[in-house]
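So, here come the structures, one by one.
Next come two complexes, and both contain chain A; in the first it sits with chain B, in the second with chain C.
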Partner chain A sequence: MADVVTGRAGATTAETGPVHHRRQPRGRRALRAMSPLLWVGPAIALIGVVVLWPVYVMFKTAFQHFTPNGFYLGPAGWKNFKNLFNEPDLNSVLERTGVWVVVVVGVTMALSLGLAELFNVRFPGRRVARWALIAPWAASVLMTAFIFRWALDPNYGVINIFLHDIGVLKEFGSNQADWLGRPDSAFAWMMVVAIFVSLPFSTYALLAGLQTIPHELYEAARVDGASKWRTYRSITLPLLRPAFLVALLINVINVFNSFPIIWGMTRGGPGYETATTTVFMFQLKQAFIGESAAMSVINFGLVIVVVLVFLKVTRWRDQVT
Partner chain B sequence: MSAAVATATASEGAVAQRRRRGRRRLTPRLLIVSVAAYLIGIIFLLPYVEMVITALRPPSELQSRNYVPEHWDWSNFTSIWKTGFGTNLRVSLQIAGGATLLVLIVALPAAYYTARRKFRLRVLFLLLVLATQMFQPAALLVGIQRQFTSYGLSPVTSLILVNAGFNLAFAVWILNAYFSSIPAELEEAAMVDGTSRIGALTRITLPLALPGVVTALIFTFIAAWNEFIVALTLTGDPSKGPLTVAINNYIGQYSVDWGHLFAGSVIATIPVIILFALIEGKVVGGLTAGSIK
Partner chain C sequence: MKRHIAAGIALGAAAILAVSACSSSKKSNGGTGGATGGGGGGAAVTLNFVGADYGTGPANSSQKYWEGIASDFHANNPNITVKVQTINWNDFDNRIKTMVQNKQYPDVMEGDYFPDYAQAGLLYAAKDVTSPGTFSNLLPVFAKLNTYNGIQYGMPFTTSARTLFYSKKIFQAAGISAAPKTWADVQADAAKIKAQGKIGFGMPLGSEEAQAESLLWFLGNDGGYQDSSGNTWTINSSQNVEALQFMSGMVKAGDTEPNPGTKNRTDLWKQFAQGQIGMINGSPALIPIIQDGKVLQTADWTSVPIPGKNGPLDKTLGVCDNVSVFKTDPKKQVAITKFLNFFYQDRYQTQFDREYDLLPATTSAINALSSDPTFGPFLSALPKSVQYPNQPVWSTVKTQIQQQIGLAMTQDPKKILDQIQQTAEKGS
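This part shows the complex of A and B:
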């Protein structure tokens, strides 16, 4: 190691000035060619073993036949996929996943546009107010989901107590109060929780985006007599586009992969009636590993599409070079 | 030294802010904005306030319909240790601590090297990092489960590896940005003065990049601390699992132990929120791959 390090140091002086301009022995040169691997190799190895290899194992599993307790029975061909497409619940799960991602991400982005604008104003105590915003971001999403599950308890949940106090809820313990017992209302509440935990990151990302807009532009607009709304539409929104798109894509990935909210509040039930594809994959995994892997492969395909768009939007080449 | 500089600039900033604030009149518009912002802040905190209140409710008042209990009761926080919560806390510390350490060891050299040198693998490596930043364990769960159960590693070791692997991208990216912003001439000057390359790195560059290092550390720690789906999948016995799995286990088939569930959640959540507040301003840059700073 020490040898390589001195090799590196020698290389620097050779590059910056002709101080030690002596040809290096062949062994040294070989070491120099290897040295990037020494620095970057562990990271590649870790990503390779933990992130990339599971992709391969997952694809392999999707074409294998397993008993419910995990015994390998041989290759399965496309049978896992056929079984998956024959699941009577698959269509509604796919549909629900679409609604889940579109509604949660859409409402989150719309609300965070307003929140970012609000928290960008310089008002006394802004730092403290911004800190309050990060709680749902830092806290475990699972625990946040449990808080809402308790708050929606049909008899003693604080949300129901409040709704009763303002006269919306007629009776405790009634069907109306059992928000998480009915698939539709359970799903709606879970979307509320998902929006709640997604807002902080989106707002912070848009706040960072707002800070990149040069102040002179706003002054120029004011001198030209542009209205507030006009300024927002013609300056803020277009210049906020990069930040908005990146936050949107990261949200799509997070919301699509979100498991703890649904698992914590309803376990995807009753039946599969509040499950998204991620939860469905988990439920299938308990008994049908191959079929679950097939579902994962489809999920992964979707993730890849989003990643490709993400790479395009972040203009990774400009940043890397 | 850099800490002293940081406090100096911070206090300067505070003075400047106060001056600006002094000039600013509290117009009606500003008043409305402030009140709205405070209200929203309170709404964001309310669920966690409810978490603390429920944890402090005496068991008899868990079923009384008042917003705030008549008596406060700390017994959940003492009796929870009898449910084996101490073991879960230790496991969480091992997983999060181990993952953080591993990320540091692996990410520091990689980020430093990619910031300082152009080499053939560089672009490919950064592309790999960026792409995997968007990968989440949930999407690859079946693969992770089959792979790691076949290795025969202990759940804790497996979870250290998984958490380190999936959070490496963030750390590499944010450290790379910090190292790139520190001029190489600083190191070269130190080396002219007789320091070795490693000496220049540890005495010049690392202290200057410290905010980035701290951000990467805290972020990895929190992510590993809060991770649930892989922990649930890889730990067989919940009593030997990390906090998320233990807290999930307070939900029984027929009844829920809300008192202990929320006492545990308070213990697991509050330190993390405070830690996160320390790095709040720097996280976005790392998560968005530097496309917004």
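This part shows the complex of A and C:
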């Protein structure tokens, strides 16, 4: 998609270039025609080095055979993919990834709609509250994951101490207190953390969207005697749609690729029972580099497919551009 | 306005894609510079040494230990300079792998030993970089572990053996008078300790070192990862399955900490030092943690041979960290040999062991330490110790055990061991 942007910028410069300098000699004209490259070049180089090259290496590695310590043993053909599809845990990992993305993004967007509305209203201390909302976003995600891991410690975790004080938790160090030891509860807690760190971005995106809606529309609605709910449904939601879609898409990609939360809290364990495909890929890397690269290729494909389907379904071109 | 959003989202999406693509390619940061210096006889030589850091902080960092040796060595050999770099244990494997993948080999490395480096022809044979005296002084029990195709590459530098630690304080409170000798004892004692509100037995089956804890239980049932020939994998043997079944029985009865598959050795050792765990398998490295904790006095804990199914084990898991020497520059071989002969002297071995509560790796240093009250029991277990397999595929198998074996506490152990056995038999 970045290509589209730079491509468009390049094209416009190239079109306007020759118009101004029609009478120049041929050599200089050719040189002139090249000049846009000077401006676009760094961006293209960056994309080449940072996006295209790693993608190429990823595909190459997926068809090679490596020792766990990185020694190349020869081509592997489709064996890495075969091994990957024979992994007994692959299906459950894929399902879990689906649940992870749908629940985290769904809850995040729903909460953000409410939060954005709240922060759009004038109230004393709004500036401070808006700043505070940035905190989970500004803090390193890995750090947030560690803080939650400590807070959930079965013996000393502050969350467990609180739960004990209000009588929910009966005994420290018990199976009940060991939230991150049981795959189900660990996964639920990690989704909570993922929602927590995704909220600020979505809320700010929606808040920005809310502020672009002209006041006149609301005034007109009031004059027409529309109810609050009716105003929200017929004015706010439709006009918020572009901002909502942007936030939704970025969240889907971000949450799908999310690695530090799960790695920081459970390392995908026990076994692969709390791993999403991204974490699973990293777990495989420790023993099977080729197979891990094959998993990356699948991940890469999944992101692209999800994004394309999303763009198609939301008729992106009509809505946002 | 809308156009801006579109451009923004396109850029954002591209950046995210880039991040996802990057994370799947290999890391390429870190590492030291290439070889410097050269020349054998009169010319100045610089050796790059990379070692693991065994310290718990700046005060007892291994950087100090090795810099001390390097300066002593330089005083004796003014034309050889040793540049020392130490790496925290948590990062050690990753950093070394990165250095080797980028072909930035150190000259001498101390820490984990990678059989596939020998397989790839990167290392000097041990005999080629030590004097016959130094070579024959290395503990023979660890030779096989460091051997590839009949030639020894890795040289043990520091070793460790496992025993069962238990808290006498907790035992007394629970009314237990004797040390456990059999699995049945362990289970009965753990149940009594649990009744006192403490954890009976600490069982670290998380990814940190699950391969050690499970092997100790396998040994107790005459099982193990390989048969005595060291050529046949026996990971899914009935003895091992039975051991895991017994362990999961203890877990289900609540005799261990909850969910052992997610608990790591480092954390449980600390909990033992805090007086919350009755029994745990440990090595001498647990001693300084107990001392730092200041909860258990020396009289409050002790260590005994590990209980097996029918009686205490006469063998235990012995582990060693090794020196490997990379073939960086043939002109450096003489200087490297001098350096190795120098740091394998007893005084440096015992200095290291006293600093970090580890065990020596040479016969003469063991003799020098044998009368020491702390080290004595471990030293007698050391020559009979059992080692991990030495095939290159072991590093793959080890990772699988670390990730998977904890699941045997909640799922069918046979199924999980079968999977690991398959990986081992496939080879690397």
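By our rule, the second predicted complex is superposed on the first by the 279 of 321 C-alpha atoms of A that agree within 3 Å, B and C clash if a C-alpha of one lies under 4 Å from a C-alpha of the other, contacts with A are read in each partner's own complex, and residues count from 1 in each chain.
The criterion applied here is as follows: contacts are C-beta pairs under 8 Å (C-beta built on N, C-alpha and C of every residue); 3 or more make two chains touch, one makes a residue touch a chain.
Computed from a predicted model, the values in this text were never measured in an experiment.
**Q** Is A:N86 touching the first partner chain B, the second partner chain C, both, or neither of them?
**A** In the superposition, A:N86 touches no partner, neither chain B nor chain C.
**Q** Classify the contacts of A:G269 with the two partner chains as first (chain B alone), second (chain C alone), both, or neither.
**A** second
**Q** One more residue to check, A:S227. First (chain B), second (chain C), both or neither?
**A** After superposing on A, A:S227 lies clear of both chain B and chain C.
**Q** Which partner, once the models are overlaid, touches more of chain A's residues, chain C or chain B?
**A** Partner touching more chain A residues in the overlay: B.
**Q** Regarding the shared-chain residue A:V51, is it in contact with chain B (first), chain C (second), both, or neither?
**A** It touches chain B and chain C both.
**Q** Output check: A:Y204 vs chain B and chain C. Expected answer is one of first, second, both, neither. What do you get?
**A** Only chain B; A:Y204 stays clear of chain C.
**Q** Kindly list the residues of chain A that each of chain B and chain C touches, one partner per complex.
**A** In chain A, positions 5, 47, 50-51, 54-55, 57-58, 61, 155, 212, 242-243, 246, 249-250, 253-254, 257, 259, 278, 281-282, 289, 292-293, 296, 299-300, 303, 307, 320-321 sit in both the chain B and chain C interfaces.
**Q** Which stretch or stretches of chain A touch chain C in the complex?
**A** Against chain C, chain A makes touches at 1-2, 4-5, 47, 50-51, 54-55, 57-58, 61, 67-71, 73, 88, 154-155, 173-175, 177-178, 180-182, 186, 212, 242-243, 246, 249-250, 253-254, 257, 259, 266-267, 269-273, 278, 281-283, 286-289, 292-293, 296, 299-300, 303, 307, 320-321.
**Q** Could you please specify the touching residues of chain A with respect to chain B in the complex?
**A** 5, 8-9, 12, 16, 36-40, 42-44, 46-47, 49-59, 61, 115, 118-119, 121-126, 128-144, 146-148, 150-151, 155-156, 158, 161, 164, 172, 196, 199-201, 204-205, 207-209, 212, 242-243, 246-247, 249-250, 253-254, 257-260, 263-264, 278, 281-282, 285, 289, 292-293, 296, 299-300, 303, 306-307, 310-311, 313-317, 319-321
**Q** What residues on chain C touch chain A, complex-wise?
**A** On the chain C side, the touching residues are 1-3, 5-14, 16-26, 97, 100-101, 114, 116-117, 119-120, 199, 206-207, 254, 257-259, 261-263, 271, 276, 392, 395-396, 399-400, 403-404, 406-407, 410, 419, 423, 428.
**Q** Give the list of chain B residues in touch with chain A in this complex.
**A** Counting only chain B, the residues touching chain A are 20-21, 24, 26, 30, 33-34, 36-38, 40-42, 44-45, 47-48, 50-51, 54, 62-65, 67, 102, 105-107, 109-110, 112-114, 117, 119-123, 125-132, 134-136, 138-147, 161-162, 164-166, 168-169, 172, 188, 191, 196-198, 222, 225-226, 228-229, 233, 243-244, 247-248, 251, 256, 258, 261-262, 265, 268-269, 272-273, 275-277, 280, 283-285, 287-293.
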